[in-house]
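In the part that follows, the structures are each spelled out as structure tokens.
Both complexes below contain chain A, partnered by chain B and then by chain C.
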Partner chain A sequence: MNDRIVFENVSKFYGEVLGVNRVSFSIPPGITTLVGPNGSGKTTLMNLMTGLVQPSSGQISVLGIGPGDADAFFRMVGYCAQFDSFPRGLTGYQFLFDSLMLHGMADYDAFRLASEALERVRLTEAAGRRIAAYSKGMRQKIRLAQAIAHHPRVLVLDEPLNGLDPMARAESLALFEELGRQGMHLIISSHILDEVDRISDRVILITGGYLIAEGNIHQVRQEVRDKPMQVLVRCDKPELLASRMFSVNHCVEARLHGDGKGVFLRTADIDEFYRLLNDVAIEGLVKIEAVAPADDNANAIYNYLIGSDGGAS
Partner chain B sequence: MSVYKHDYRAYSGRVTPIWARIGVLVRYGLAEALSSKITIGLFLAALIPFIVLLIQVYLANNPAARLLVSRNGLSWLEINSEYFLRALQLQCWFALPLMSWVAPRLITYDLADSALPILLSHPVSRFGYVLGKFIALFVSLASVTLLPCLVLFVYQCYFAPPGWTSANLSIAAGIVVGGTIWITLLSMLGLAFSSWVKWRTLATGVIFAAIFVPAGVGGIVTAVLRTKWGSLLNLPVMMTQLWQRLLGVPEMVRTGSDWSLPSTAILIMLLAACLVCVAMLNARIRAREVVRG
Partner chain C sequence: MAANANALTNHLKQQPWGLWWLQARRLTRIEVRRNLLSWRAIWIYFLAFIPALIILIHAVFERRDRFAISDDTMVLAGIVQFYYIRLGIFFGSLGIFSRLIRGEMVERSLHYYLLSPVRREILLLAKFAAGSFSAVLLFGSALIASFALMYLPYGAVGHDFVFNGPGMSQLEAYLAIVFLACLGYGSVFLLLSMIFRNPMPAAMLVLGWEAVNPVLPSILQKISVASYLRHLMPVSVPGDGIFALLTVETEPVPGWVAALGLLLLIAVVLAYSCYRIRRLEIRYTTD
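Right, the complex of A and B next:
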């Protein structure tokens, strides 16, 4: 079976309004972050991926199955919508149980899977209460439970961390990471990029309905050649290191870390930079404790390629 | 980069057929409808004429009771096609307030709560969703129209002399066909208008308006232009004529003009109304929520 989510030249128009235009990509298993400003077409992309809307043109295939084969398609996809919306009057357990029944599970399986999903999001104790009485975080969790309860192979999560407290966010991220490692496809749209970035393998950047970049985060960052890479070097003599680095012309910016025990260096030639850093370390003038990329993440890529105004640069 | 263990197992157990999944939506719908005390009240109110009519059947078939009840003639106690037309009309018009109360609960809440994307992200199509809601509404309305009228027929068959049943089977068929047409139309109207009005109370009002405003316009057209065709906008008039023909009751004729509409014209109008409802539902029942963000 094909293990990729494939979009081929997909466009979606709502009347005369552009949703997404000529989008093509192929997503392997793992965690993919969908990044874009408000109105960029993220939700449209997710709706297309989950079969909730049909493309105006182009082909969509999720693990080799098109949305036309609705039964197989919907059973394979779990969707956690961004809207705080539920069928009225249901308890958390009823919501999951009925959702599983709608997926075609028999009574016993629906009971077992609903209990398992509640356990996974730690809502077992609140399962008998009406969702209307849940806190925002609990409602987010029950939505997540509904999305994973039927054991889908693809999980599409629209802003799944909204409304969660730090502890619940950490639990959710751990769950996403676990599912990603198990070989599931997770497509996550989130504004909390710092946290999602830690578990994400790939990034899809979209703005104005157009795909800006797609692929492994590190590879995408390296492709952004007009923005020199920034590296944080923790060391005992950051000023000395900065002056040494400035002696070569590929180093374009140096900024001391707030605690005075490191320096952010921006370089136009990352390979040459690391070679020089090796030399400095061997010379022994500066004791280097740690070296880490400072802008090799989805947040930085977002800022470089889309910018705070949401326009593609 | 993750290390993929590929030990995640998707659900591979047996799945139920599509009708069972639609059955879940029907259950949702009926539970939602019956969760209101007003719905229960309307159901009980619809029982009142049924009980009165049931007593009438008993009295009509009980010589002692007939003697006690009437000394001046027994014409009102006759159980014939006119009696069943009265029963069908009474019960069917009781179904209207019930429908206008229940229908918005079935769809308006889902729209107002943006629950459609969640429901439609399951292997249930838009058609399946609407069918589930339709069945829930149809069953609710059938329980105050078709069911009581058929119970009355069976009760009369039980009391009536041999031969009455076979001679009057056309009445039962008329009840089934006439009642089914009416509750199908009501269900379609209720679901269609509920899907366009997110405020439930307003939706109830709009449903009533959708039936009686065209009827008023039709009445004006009939009066001003002196034509019977204005009645094609008048649902109560159309249904009354249709029921009369289905149950074999002689039609009343207005003095001076033939106001009777051809059955084909009535059926075409009802079909057109249903198609408009389908178009309205098709336009509104969508999974997408276009939110720029």
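Right, the complex of A and C next:
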């Protein structure tokens, strides 16, 4: 069975307004982040993926099945949409139980899976309360619980961290990571790129309805060749290191870190940069504590691709 | 030809009918709960039971002349024909059936159903079944209450009229009319609510169409719920003044033909609704 989410030349127009245009990609299992500003087409892509809207042209298949075959499709797909609304009058538990009963399962199985999902999102204690009385974060959690309750193989999450406090965000990210490790497809769009970026296997960058880059985040960064890579070097003598590194041709910019204990360096030749940095370390002139790419993340790459400065500050 | 028939038979056998039936039952149960056990349904209860309430007030405060039973039979027929069919069931069905799809789009909760492993046709038909059950239960019980309150004050004469006279067959005919009216108007309003963001103006057009339908050519009379129901009335109500328009008998039709014609109309409307829901998109911001 096909294990990919495939878009082939997919376009979506809302009347004369462009949603997405000629988008093609093939997503393997793992965590994929959709990155783009508001109105770029992220939600349209997710709605297309789950059949809530239909393509104007092109083909979509999720693990070899289209949303038209609802019986099979929605057993393996869960979608946590960003609509913050629910059927009236239901408690958290009833909401999950009713959803699961539509799968055709027995009462006991629906009860067990609903309880399990509530436990996973830490909502067991609030399960008997009406959703209308939930906080924004709790509503976000119960939507997530509804999306994962039936153990889907593909989980589509539209801004799943919105409204969550830092603790709940960390728990959700840990859950996503765990699901990704289990071989699920996770498609996530989020504005909180720094956090999602840590767990993503690949990114899809989209702007104005056009896909501008797709793939492993480090590969995508390598492809942005016209933007010198930025590296943060933590050391005891950042000024000395900056002057040493800046003396070579490929190093095009040096900027001290705000705390004075590091320096951001931009280089057009990352391999040569690391070789020289090794030499500096061996010479013992500067004590180097840590080295990390400063713009090797979805946010920076996205900013580069749309033409602004993606460097860390 | 035979090969095609065999292929179709095999295809039908492979379909998960049992699962669809189970899903439809569960959906219907959820929707009936939402239709009937909601404060927002209060006005539909009021719409259904207001004639029974008025009849009850009359029964309490007026003494009945035993010879007035034929007049009251005519009154009850008038209530069914002029109130229930033209107004009560019409607006009650509008409230119940337009909420099923459009109401959930307004509340932005329809996507939960569309993301469940239920075929959209099953979803639509289950919602229609739930709406029909709710409407028939409300208006059917209201009609039974009106009927009982109309004849109870007559005592033995009333009992004789109901159980040894034409009373019971009239009640059965009225219940059949209520059943068909709920299904007929329900299917129309379900479709209208999928086509229009605000189905009310279209519903007013339907109301006007139903009012002038009796004086239209016979071919156009077939596109009307009330015209079929008129032929099923067990008691003919003479119309005076403006009511004359609603009681014009243009082309006599046997009861079974009228019932079959209406069921056919409902089937056509539902088939088109299924086609629409297959193409329905969730765009709450523009809907």
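As a working rule, the second predicted complex is superposed on the first by the 306 of 313 C-alpha atoms of A that agree within 3 Å, B and C clash if a C-alpha of one lies under 4 Å from a C-alpha of the other, contacts with A are read in each partner's own complex, and residues count from 1 in each chain.
What we mean here is this: a residue touches a chain if its C-beta (ideal position, glycine included) is under 8 Å from a C-beta of that chain, and two chains touch if they have at least 3 such contacts.
What you see is a predicted model; the values in this text were computed from it and never measured.
Once chain A is used to superpose the two complexes, chain B occupies space that clashes with chain C.
Legend: residue contacts after superposition of the two complexes on their common chain; A:Asn38 is shown touching chain B, with no touch to chain C.
When both complexes are overlaid on chain A, the residue A:Arg181 reaches chain B alone and has no touch with chain C. Of the two partner chains, neither chain B nor chain C is touched by A:Tyr274. Looking at the shared chain after the overlay, A:Leu113 reaches chain B, while chain C stays out of its contact range. Shared-chain residue A:Phe246: touches no atom of chain B or chain C. Set against each other, chain B and chain C differ in how many residues of chain A they touch, and the higher count belongs to B.
By the document's definition of touching, both partners, chain B and chain C, reach A:Ala81.
Applying the stated contact rule after C-alpha superposition, one finds that A:Pro29 touches chain B and leaves chain C untouched. Common to the chain B and chain C contact sets on chain A are residues 14, 47, 50-53, 70-71, 73-75, 77, 79, 81, 83, 85-89, 98-99, 101-104, 146.
Looking at the complex, you find that chain A touches chain B at residues 14, 17, 19, 29-31, 38-40, 42-44, 47, 50-53, 70-71, 73-77, 79, 81-83, 85-89, 98-99, 101-106, 109, 113, 143, 146, 150-153, 177, 179-184, 201, 216.
By the touch criterion stated above, chain A contacts chain C in their complex at residues 14, 47, 50-54, 68, 70-75, 77-79, 81, 83, 85-89, 98-99, 101-104, 146. Chain C meets chain A in the complex at residues 16, 19, 22-23, 26-27, 30, 34, 38, 104, 107-109, 111-120, 278-279, 281-284, 286.
The residues of chain B lying in touch with chain A in their complex are 1-11, 13-18, 20-21, 24-25, 28, 31-32, 35, 109-110, 113-115, 117-125, 286-293.
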